[in-house]
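Both of the next two complexes hold chain A, though its partner changes from chain B to chain C.
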Partner chain A sequence: MAYTDLDNEVVKVDAVTFDYSNAASPVIDQLTLALKKSEITFLIGPSGSGKTTLLKLLAGLLEPGAGDITIQGVSLKRANSSERRATLRKVAMTFQRSGLFDSKTVLENLIFPLQELNRLSFEKALAEAEKVLDLVELKGHESKLPHEVSGGMQKRVGIGRALALSPEVVFYDDPTAGLDPITSKNIIELIIQIQKENKTTNLISTSDLDLAVNISRKIASKIAFLFEGKILQIGTADEILGSINPVIHQFTRGLLEGPLTKGAR
Partner chain B sequence: MNYFLKNRKFRWRREETLEQMYVLGVQSIPIIVVSLAFIGLMMILELAFHMRLVLKHDSLVPAFSAVLMVRELGPVITCLLLTSRIGAGIAAEIGSMKVTEQLDALKLLSIDPFDYLVIPRWIGSVFAALSLTMISIAVALGGGALLAAQKLGTSSGEYFNTVFFFVKFPDVLRCLIKAFVFGTIIPFIASYQGFSCELGSAAVGEAATQAVVRASLSIIIADFLLTYLFYAI
Partner chain C sequence: MENSRKWVKSFGGMILLFLQCLSLTFKGKTRWKEVIEQIFQVGVRSLGMTITAGLFVGAIMALQIDIQLKDFGAESFLGGLSTSTTLRNVGPVLIAFLLSGKVGAYTSAELGTMEVTEQLNAIKLLGADPIEYIILPRIWAVVISSFLLLIVGLMVTIFGGVMFAEVIGVNALSYVENIPRIVTEWSIVLSVVKSFVFGVLIAVISCYKGYSARGGSVGVGAAVQSCAVTNLMFIILFDFLLSMTASVFQDLFGVGYL
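== the complex of A and B ==
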């Protein structure tokens, strides 16, 4: 099935189920979701709800046990290996722990994918990497190793590396995890600025409800609430905040009593 | 295991391979050469003592020590020492790459971690095992010649004449086959431990320990099987 503009859903998740071999219940359970072209969607939910697993499934790093994922009209399940590779080359992901190659400098982390995937010469890859360095405001830090820069800078390098290959779909796995509120806001602002320039389709997972709500209101994006491997609700920030679902209600209000903490106390 | 066996297109990675040859081979020279030199000296002393005790003469000490060194101790001790030096390092490096999501980042870039991480380490390890075995045997024999001159009164000429009379080309070939097999065992077991490492720093330590234990055991078992095979054919 070819992708057309009539079908504005760039990423479709159709009844996907996934479980780790040692897990008692599926981490992702019959999950259905669609991401529209050039939109930012926030994915929120409590820790352990399956956010990272879902992003890894979407990026092709994990294989669903059941169901299918379609990216730009190409079913990852039915595509042959070259179609699948070509489709996944349009997808990028940033990792919660940054996933930077710790033996390579900041600049080498950006050059590496350009040389490996785009087969660019060193000079061309360097020129491209320097543009990305400018974009993520890391000029002056290019010769440092990942552990020599701050957590916020590591996230920026991760974002830069993801964007170096000009992806059409980007998944951000908790890009503000462990960062102070100002750095978190800067990172999200950077993601929004990049999205506006490149018109990418983005899914941003976060546990930071306030940040997701504030940004979602500002750019009129949607929030999807994930719990026990299922999307409980998708809607605007106000719809999520006003949800009568007891799980979402407890999460958004930060209540100690409720289904999320049942049996935990 | 499917991960290791599935169809793959290998890409020659010159820089990574040369780096691994340096890290695994060249940087292992001091510990292995010094260790084998002292093992060679100790062997001369032990053989001389027991030969005098039982046979009442020690003229065959150079022959026995050289044959034992080329057939067994050279490749086995070298590769056991290599296991402790590089096996833990490979498992810990790959394990920590898994924990810090670097392996996922490689896969996302359509880079096969096996191709990128294991093949250069395999070539580096085989290079290290073959070259260090030869170097350490040469050093052990050289040290043995000096000690034999001191303790047994055997001149260097006599020593090496005896050595070359008893050590034949098939012995050297078998020694190289063993070194190749052991040099292959180390990175594959260590990489497997790294790839199958659980998340967490304790798990990385456990993967490193298991890599050394399993690779050492595998080398000892493989040595027996190869020796059995060589005598059978």
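== the complex of A and C ==
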């Protein structure tokens, strides 16, 4: 079992269950997971398996119906509101659709958290935002509105804004969704570079198996496979590819017949 | 049953949002720079429409009341009756309807889009309160804009009535001279109170409907539709309640013709 070093577990998900009010079955079902300090873990699974919901639970945007989430030793369930707020300040998340403020320019999107939440003066916030702009390679695009830049650039701005407050844990929700393979690879390379520099703990959800496998092999990270709100398996890229679980087998082979497509046709 | 449950939840949500915004305002959390920007976005851009509509509302009222007064040979009362009816009821309601279409739909669509594109979640994630940062400035901007536009609209409706009186053969001067014979300061107070209440209704309903939108573009469409219907319903309901209250005041305290 990979996660035995309890002191090293920055994020711990303990038997968490969550369902939306109109759902027939729980979106997240008794899920248990641990993320180790300064590691990148990929979260893969078919559409609708609960990846975004899990990330929102981890980021404190949704409340679990049962179970508990612990971040850096602080239980989100038991913490009082100021402890909870302080803990979640160390967490950042990027969204599938970037979640950029569409009435603000690229630079203003980066300045917003620094000025409004870190209470920096405009000059200091601007200086910090320019450093982030450099990091995400968006110099020259600072005065553009989000809809005036490409999808890949929007993802970069989203990543930059998430990193502006120097988080210790970052959740990336499908950061390569809708991007071409080269841009996707660039985005993931950027995430890895940032992780190396800042030593953040990362969970990256993606539906792109090839990308997750290639990067996972390159940096020796783990892949967790999520299906129907449960982690079916967690392991190296080769362990996932060689899995005998019928769901994972069908997903990794791209087979049309199997439990994933049962009843779909 | 399900619809009743949804309605109660929605009504409760609107009241809670209103109370939360009041509490934040008293704590001095209103971002007035943002409020002014929003007033320009939603208010100033609705001025032309309000003036045009106001002119025609005034003209329509003058025309309709003139037709009825002619049967009694009482055209000399046109100025007073037309202005009184416009101020007390028709003006605030019609202009509030227009504003709920323009300002309300804009606000609910904007907030709904922010919700479904995760912009509000991004604010929460950055440790901020979207109600303080996004909703509160819009609530105040819509309240102030709607109130000012309604007042401007009402003044224009009176002007529209005067202008149209000439067209239908009533002397404009006698029309104006007749106004104070029927319209009292209480008519104006009622009109101002209605304008303020309608402004608050449009602001709270539009912000709540946008903020509670879920489910992509379909959810935004449903939020805007629900916002339009709820605004119209509440404007009519509150018009009735305020008119009734005014009538009771008149009976109890003899505060003059309302």
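One rule holds for everything that comes next: the second predicted complex is superposed on the first by the 259 of 265 C-alpha atoms of A that agree within 3 Å, B and C clash if a C-alpha of one lies under 4 Å from a C-alpha of the other, contacts with A are read in each partner's own complex, and residues count from 1 in each chain.
As a working rule, a residue touches a chain if its C-beta (ideal position, glycine included) is under 8 Å from a C-beta of that chain, and two chains touch if they have at least 3 such contacts.
Please read all numbers here as calculations on a predicted model, not as lab measurements.
A.B. asks: After the chain A overlay, clash or fit between chain B and chain C?
C.D. replies: clash
A.B. asks: Answer with first, second, both or neither: which of chain B and chain C does A:102 touch in the superposed model?
C.D. replies: Once the two structures are laid over each other on A, A:102 reaches both partners.
A.B. asks: If we overlay the two complexes on their shared chain A, which of chain B and chain C does A:192 touch? Say first, second, both or neither.
C.D. replies: Neither partner.
A.B. asks: Examine A:116 and indicate which partner it touches, taking first as chain B and second as chain C; both and neither are also allowed.
C.D. replies: In the superposed model, A:116 contacts both chain B and chain C.
A.B. asks: Let me check the overlay on chain A: which residues of chain A are in contact with chain B and also with chain C?
C.D. replies: 56, 59-61, 85, 88-89, 91-93, 95-102, 112-113, 116-117, 161, 165
A.B. asks: Along chain B, where are the residues that touch chain A in the complex?
C.D. replies: By the definition above, chain B touches chain A via 99-102, 104-105, 107-111.
A.B. asks: Using the touch rule from the top, collect the residues of chain A that touch chain B in their complex.
C.D. replies: 56, 59-61, 85, 88-89, 91-93, 95-102, 112-113, 116-117, 161, 165
A.B. asks: Would you tell me which residues of chain C are touching chain A in their complex?
C.D. replies: Residue list for chain C touching chain A: 113-114, 117-119, 121-122, 124-128, 133.
A.B. asks: State the interface residues of chain A toward chain C in the complex, per the touch definition above.
C.D. replies: Checking each residue of chain A against chain C gives 56, 59-61, 85, 88-89, 91-93, 95-102, 112-113, 116-117, 161, 165.
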